[in-house]
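What follows is a short report on a single structure.
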Amino acid sequence: MSTGFFGDIKKIEYEGPESTNPLAYRFYNPDEIVAGKRLEDHLRFAVAYWHSFAWPGGDPFGGQTFERPWFGETMENARLKADVAFEMFSLLGAPFYCFHDADVRPEASTFAESAARLDEIADYFAEKQKKTGIKLLWGTANLFSNRRFMSGAATNPDPDVFAYAAATVKKCIDVTKRLKGENYVLWGGREGYETLLNTDLKREQEQAGRFLSLVVDYKHRIGFKGTILIEPKPQEPTKHQYDYDVATVYGFLKKFGLENEVKVNIEQGHAILAGHSFEHELALANALGIFGSIDMNRNDYQSGWDTDQFPNNVPEMALAYYQVLQGGGFKTGGTNFDAKLRRQSLDPQDLLIAHIGGMDCCARGLKAAARMIEDKALSGPLEERYAGWKSAEGKAMLAGKRTLEEIAERVVKKKIEPQPKSGRQELLENIVNRYV
Amino acid sequence: MSTGFFGDIKKIEYEGPESTNPLAYRFYNPDEIVAGKRLEDHLRFAVAYWHSFAWPGGDPFGGQTFERPWFGETMENARLKADVAFEMFSLLGAPFYCFHDADVRPEASTFAESAARLDEIADYFAEKQKKTGIKLLWGTANLFSNRRFMSGAATNPDPDVFAYAAATVKKCIDVTKRLKGENYVLWGGREGYETLLNTDLKREQEQAGRFLSLVVDYKHRIGFKGTILIEPKPQEPTKHQYDYDVATVYGFLKKFGLENEVKVNIEQGHAILAGHSFEHELALANALGIFGSIDMNRNDYQSGWDTDQFPNNVPEMALAYYQVLQGGGFKTGGTNFDAKLRRQSLDPQDLLIAHIGGMDCCARGLKAAARMIEDKALSGPLEERYAGWKSAEGKAMLAGKRTLEEIAERVVKKKIEPQPKSGRQELLENIVNRYV
Amino acid sequence: MSTGFFGDIKKIEYEGPESTNPLAYRFYNPDEIVAGKRLEDHLRFAVAYWHSFAWPGGDPFGGQTFERPWFGETMENARLKADVAFEMFSLLGAPFYCFHDADVRPEASTFAESAARLDEIADYFAEKQKKTGIKLLWGTANLFSNRRFMSGAATNPDPDVFAYAAATVKKCIDVTKRLKGENYVLWGGREGYETLLNTDLKREQEQAGRFLSLVVDYKHRIGFKGTILIEPKPQEPTKHQYDYDVATVYGFLKKFGLENEVKVNIEQGHAILAGHSFEHELALANALGIFGSIDMNRNDYQSGWDTDQFPNNVPEMALAYYQVLQGGGFKTGGTNFDAKLRRQSLDPQDLLIAHIGGMDCCARGLKAAARMIEDKALSGPLEERYAGWKSAEGKAMLAGKRTLEEIAERVVKKKIEPQPKSGRQELLENIVNRYV
Amino acid sequence: MSTGFFGDIKKIEYEGPESTNPLAYRFYNPDEIVAGKRLEDHLRFAVAYWHSFAWPGGDPFGGQTFERPWFGETMENARLKADVAFEMFSLLGAPFYCFHDADVRPEASTFAESAARLDEIADYFAEKQKKTGIKLLWGTANLFSNRRFMSGAATNPDPDVFAYAAATVKKCIDVTKRLKGENYVLWGGREGYETLLNTDLKREQEQAGRFLSLVVDYKHRIGFKGTILIEPKPQEPTKHQYDYDVATVYGFLKKFGLENEVKVNIEQGHAILAGHSFEHELALANALGIFGSIDMNRNDYQSGWDTDQFPNNVPEMALAYYQVLQGGGFKTGGTNFDAKLRRQSLDPQDLLIAHIGGMDCCARGLKAAARMIEDKALSGPLEERYAGWKSAEGKAMLAGKRTLEEIAERVVKKKIEPQPKSGRQELLENIVNRYV
């Protein structure tokens, strides 16, 4: 039975590129076969519970703008929220969702009671998952909103907060496992600092390393098969967040010997805040072997904070999915819309429309990327560019079979004077524009 | 015999804080004992050859503004340049200098001839070092200005460029060793990319790793005792430089097993471009055990490129030297002024005045930092803040003697509900202001 | 009778630079005569009601951290808040305060009732002002927090919101006049847009111009003698705010013929967000004749949002007050601390300590600036630099007494080939460092 | 007779969207009628002489990469450069070009001789214009590269530099008029400051105002019918440029009474550096009545300097041309490619390919914009959003027929409590995506 929140809107259908129906897909046809796979299985869309159902529309200068019938800290409201959420997942045909503990149940006055509430809601979700076929892409714990975490969770100066955070994560992994979540995400929103003046950086990194090791050990002990994912972000709310970007996370994992245990969940907006393009972070994660999943959104290029907007620039998304596909596509990961409505978008329809637009852009981008790969549009020229390294000497140098002296001697003897060749950037950009 | 370039200016002397003589030190008294060590031995100032003697004053929108008698691509000019440079080092009482091959000798038409010219100048330097007592802080190779390096040096798609770069670095290490340089620096100005469309990120990182391994092996083989330093920078001239920041370099070193062989040379301006504070990069390098040396300058906070200005904000420098001292101070490293005159500062005096101001600010900053350490002004509150981790349970958790389950169980049993404590940031900021 | 909120802390006294008492001034001695005026009369400090008493410590990723006995939407709480506020003003010896309507009274369900509550609190304030001698620097209306303003106040697409905003401002000016406020401020936090796609830029600027004209007309009609101030900010919460920076506000005022009626209240953090230095905005406002007042805080240079921190960098503040003093100092304006505690600074003492540090830095900066002016440390070299314009020809050209042809003819005839002179930036920076 | 520089490449033809020929247009069909006008007449493409023919490929860390047969400071080379330039204009079918004096002739040792050389080249251009039908979109003077301008041109502390700059601009306007240029541009690359410490902001703005007035007077006196355009840029090479952005230029024009005489030439990259979107600057210029022309390029969103890349993101360009068309399209202005090859793009073909890609993206963007306008895709919803202002009361308020008191009284009497309506941003974004 419908909650009525979305009125009489029916399941969103694919109508093709010419459709002008705002409540239809123009590019996302889940069953379309692209590069040998259903589009749905490529994209693995997930809806983020927090932005769409828990966020009231506030910003640092204003409060709630949305008026949702489920707002209010009761379990009844929590169930109504779940009803509407699963209704929306179904309307959209989104195969996955993601949540934090704090999104789905009101916090209680004790840890134990909060945990009990989470279990109760998890049961409710389990039923709904069964009924709808919708799956959990990942679960996670909110270790940043409550004031107890104001100075960090794992990296808090108070070991009791570390313990509290550990207990919370254990609970959330348990629930994620029960709901057959395919991943478990850690975003360290408060794992960083406001000022170095009151921060012992080295100690806090040790705490973070220990925490992650505890999580990995636990996962194995209980047989959770999902992937543990870290989500990098450079800052906000903190001045500096320890999981700054993909490269930083990689170094951290190496330091604690976890590089084969943990992967990254990369968000477009976080990449931008860190001074990178989204495709850079994706390419780097592939290169380092730690690519896991993506949080799809876009940041406003003129705003210095995380705007978490629904994506809408297809050429940019084609480049992102190009990297995803180059790395072999998602395994346990997927495309989570970590995107929120603009706070002026008050209507229930806006929630659907935003997701429809985002899903369509992703589909369009991925299809373009798949065609580029099929045509070797970029990989052909790339192979040619690096062809010199296939020479015997190139291979020997790279394999470590030459010393610096030997290489230097050869340069002098052979009078090597390399001549630069065009990088052809504009040509390659034009080629991409054939596909988008 | 003086070149006359600086007119009749005499050696810059320390005159104390009240001096208004623009050609005197107000805070830098080399022989002053601070925290048990001569100030000169703490700060280990070095002058950068390139900015002060090789840079013509150009920017992307205009050409040469400086008119120096040694400009022009002859060996005679190179010697005159060296004469003036050592004159300036002596006038300033700067104990060290740093150079790239390209700063000190005109490039020839072949590698061999360029190398011969470098040797010739190195002999000239060796004499001057002997005569003046001035030492080489570090040498380095310019692998970014010549068009042959436009697509990278170690990470070039053409293995011949890799080879040419390797030969160049070998030569520069040889010269650095001969001149008793205390470090050798690698700054990968072109080791990055303009566009991912023509870039094989993974391959290029392998090339970079191989290159650095070659350098480290060579260093050991020839018995060079100096430290190998990588200088991180996020971008500029490239869109993305592989040695983005300290955290990125650390991950890279770990990947190639070089974290005990190579340290970092951290530049204030590069830290800023990467979205960090200078003190962050210093603190992180200390925490990761890879701190080596610093390039002291400042970036304009309102400009998005590397402005390489002489430092002038004492409170900021106190925080930087606080981190340096907390890490035990410089070993082989030092304070290199990687700072250039503004291009409108045409007069020979400006060169001296800029360095005097920079050295004075550093001295003032370091002295403030030393007093903060002596007084435990920050470390006292810090210890107090993390005191909880000295508890048995805190230690056990951090040491890995508790599982996630055990920690969680304790939270429930003990009904742990952590109460946040003030971070006292403003108090600590006020305390710092007592020292600067 | 004290509320007890600050415990037994007594009035903050000046103890001089050597004091290590965290609850004493080291530089702010209100009665000290600087450049012929009491320091208190120079600086005209004001405390911002909102940050210190109404803000709960939330950020986009977390909720309330502060626990204040006056939190809660009742008039009783509003009075307790006022009690503590005036207690703090008195403890600090701050001569002024500033407030929005929304800071001081709970919003009611109708406009009329909200207005009545404001009147009630205004009466309460009036009494306290009389008793303590503390004055109102400026009043203002909060036209951005309530959801009715989500799409703008004066620039809302709905004329009813324009009307509502107008009624609110009228009420707030009335109250400001009654409390003898010396200025009235308009900050257009929602006067801007999230997307041009739904925005009629031209129309909205017309609305803003009309709104401001209404305010100015009203001010004259009721005989309010205070200054009307606009506070520029480039963005946040909006993607683009119409009062972007000082230059933008000037153009806007000129467009609507209000440049002699309205001045600017310049905030350090807003200057930084707009890509300017604080001193730039101050210098520009002076040059354009629209300087009014300042909101003193600092923004974190590595964060892309408004961090509103208490100022702590004395050299920067010296440059800011140098501009203020160069323009003749404050008339009706003053130094309002539009700065908030870090959300981890939970203790009542932190409120005092933050203000003490800020006031001390301001005092130290202003005193340095005054000495620079007295010594003509910067103005002397400046006069020399532009001396050529005192020549007959220079004056004639600038006065419009030469045509382009005449000037060109003279260049050719006199064979003018100008020779650049050193800009001596480093020397001037060193000179400033003698004062800070 | 061809110079042979471009080999045997023939005139670039339109081949339609399916073409994979890198040397053909896929969207730019000059004769295609869009919204009642030929595409060529809409877009009015111009090639920038400087980037394509005078720039050697240098950046702050490296020198020349391009090897062009015309490089070298002789008049013979200048003519060869002109030959190749007009060859390229013809191959592309670009109807316009733009140049600075410094791009087209080597500087001589006196002003008079430099001017004579400019005349000589102008004659050469005149012939070529006649022969090819190619026209001059705008001329301009390079008042930033030579060291004489290092401290500004019009705003120089030395009145002789002001005079020299005036003479130069007079000469360039004369030549522009002779070549029937449709506009004359002033970009004040050095009209700004490096440090406020040596800058008299107010005086320099007076100088700039006088300079512009001289130019406008001269234009009228000689009967030059073209438009005088100012090109805003916030900074680079200076720390702060006086013509920061459109809003700043507007205020400046108003201050000197020139707002009806001068318009703006808006560059995408400069908009981005100023913290704006390109479409913002266009919309604002339209709203203020000062829109003139555009410099089309793109800036890298992750780089903090002016990257001047060829545009390649069609959705962004559609939004830009939407604003251009909304303002009635170009009058004397046009689309100048102020874009340069990446310095690794060494081949002559790259020059063509870059322009082809850029022109195609512009054409594609403009066609999408025209269809959006035709369909009222955005203007329909916009009209609806502001419909309330068509009410009698709305009109009266905006027309100034209500006082603040009257408005306030009505709010109270009518118990106005405005209810917010959805801003529908995501819907509008999805609608745009139907067109791009």
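All chains are identified by letter, namely A, B, C and D, in their written order; residue positions are counted from 1 within each chain.
Throughout what follows, a residue touches a chain if its C-beta (ideal position, glycine included) is under 8 Å from a C-beta of that chain, and two chains touch if they have at least 3 such contacts.
Please read all numbers here as calculations on a predicted model, not as lab measurements.
J.: Compare the contact pairs of A-B with those of each option in B-D, C-D or A-C, and report the one where over half match by residue number.
T.: C-D
J.: Given the two chain pairs C-D and A-D, which is bridged by the higher number of C-beta pairs in contact?
T.: When A-D is set beside C-D, the one with more contacts is C-D.
J.: Distance between chain A and chain D based on Cα centroids, please, to the nearest Å.
T.: Computed value for the inter-centroid distance: 38 Å.
J.: In angstrom, rounded to a whole number, how far apart do the mean CA points of chain C and chain D lie?
T.: The computed centroid separation for chain C versus chain D comes out at 35 Å.
J.: Could you list which residues of chain D touch at least two other chains?
T.: 65, 147, 150-151, 194-195, 235, 240, 275-277, 302, 342, 344, 420-421, 423-425, 429, 432
J.: Help me check something: in the complex, which residues belonging to chain C touch chain D?
T.: 110-112, 115, 147-148, 150-151, 156-164, 166-167, 169-171, 194-203, 205-207, 210, 213-215, 217-218, 221, 234-235, 240, 244-245, 247-248, 250-252, 254-255, 274-277, 279-280, 283-284, 286-288, 319, 323, 378, 381-382, 385-386, 388-389, 391, 393-394, 397-398, 400, 402-405, 407-408, 410-412, 415-421, 423-425, 428-429, 432
J.: Where on chain D is chain B touching in the complex?
T.: It is residues 57, 59-65, 144-147, 149-151, 189-190, 194-195, 235-237, 239-240, 273, 300, 302-306, 342-344 of chain D that touch chain B.
J.: Which part of chain D faces chain A closely enough to touch in the complex?
T.: Residues of chain D touching chain A: 20, 22, 26, 65, 272, 275-277, 301-302, 310, 312-316, 341-342, 344-347, 350, 353-354, 356-357, 360-361, 420-427, 429-434, 436.
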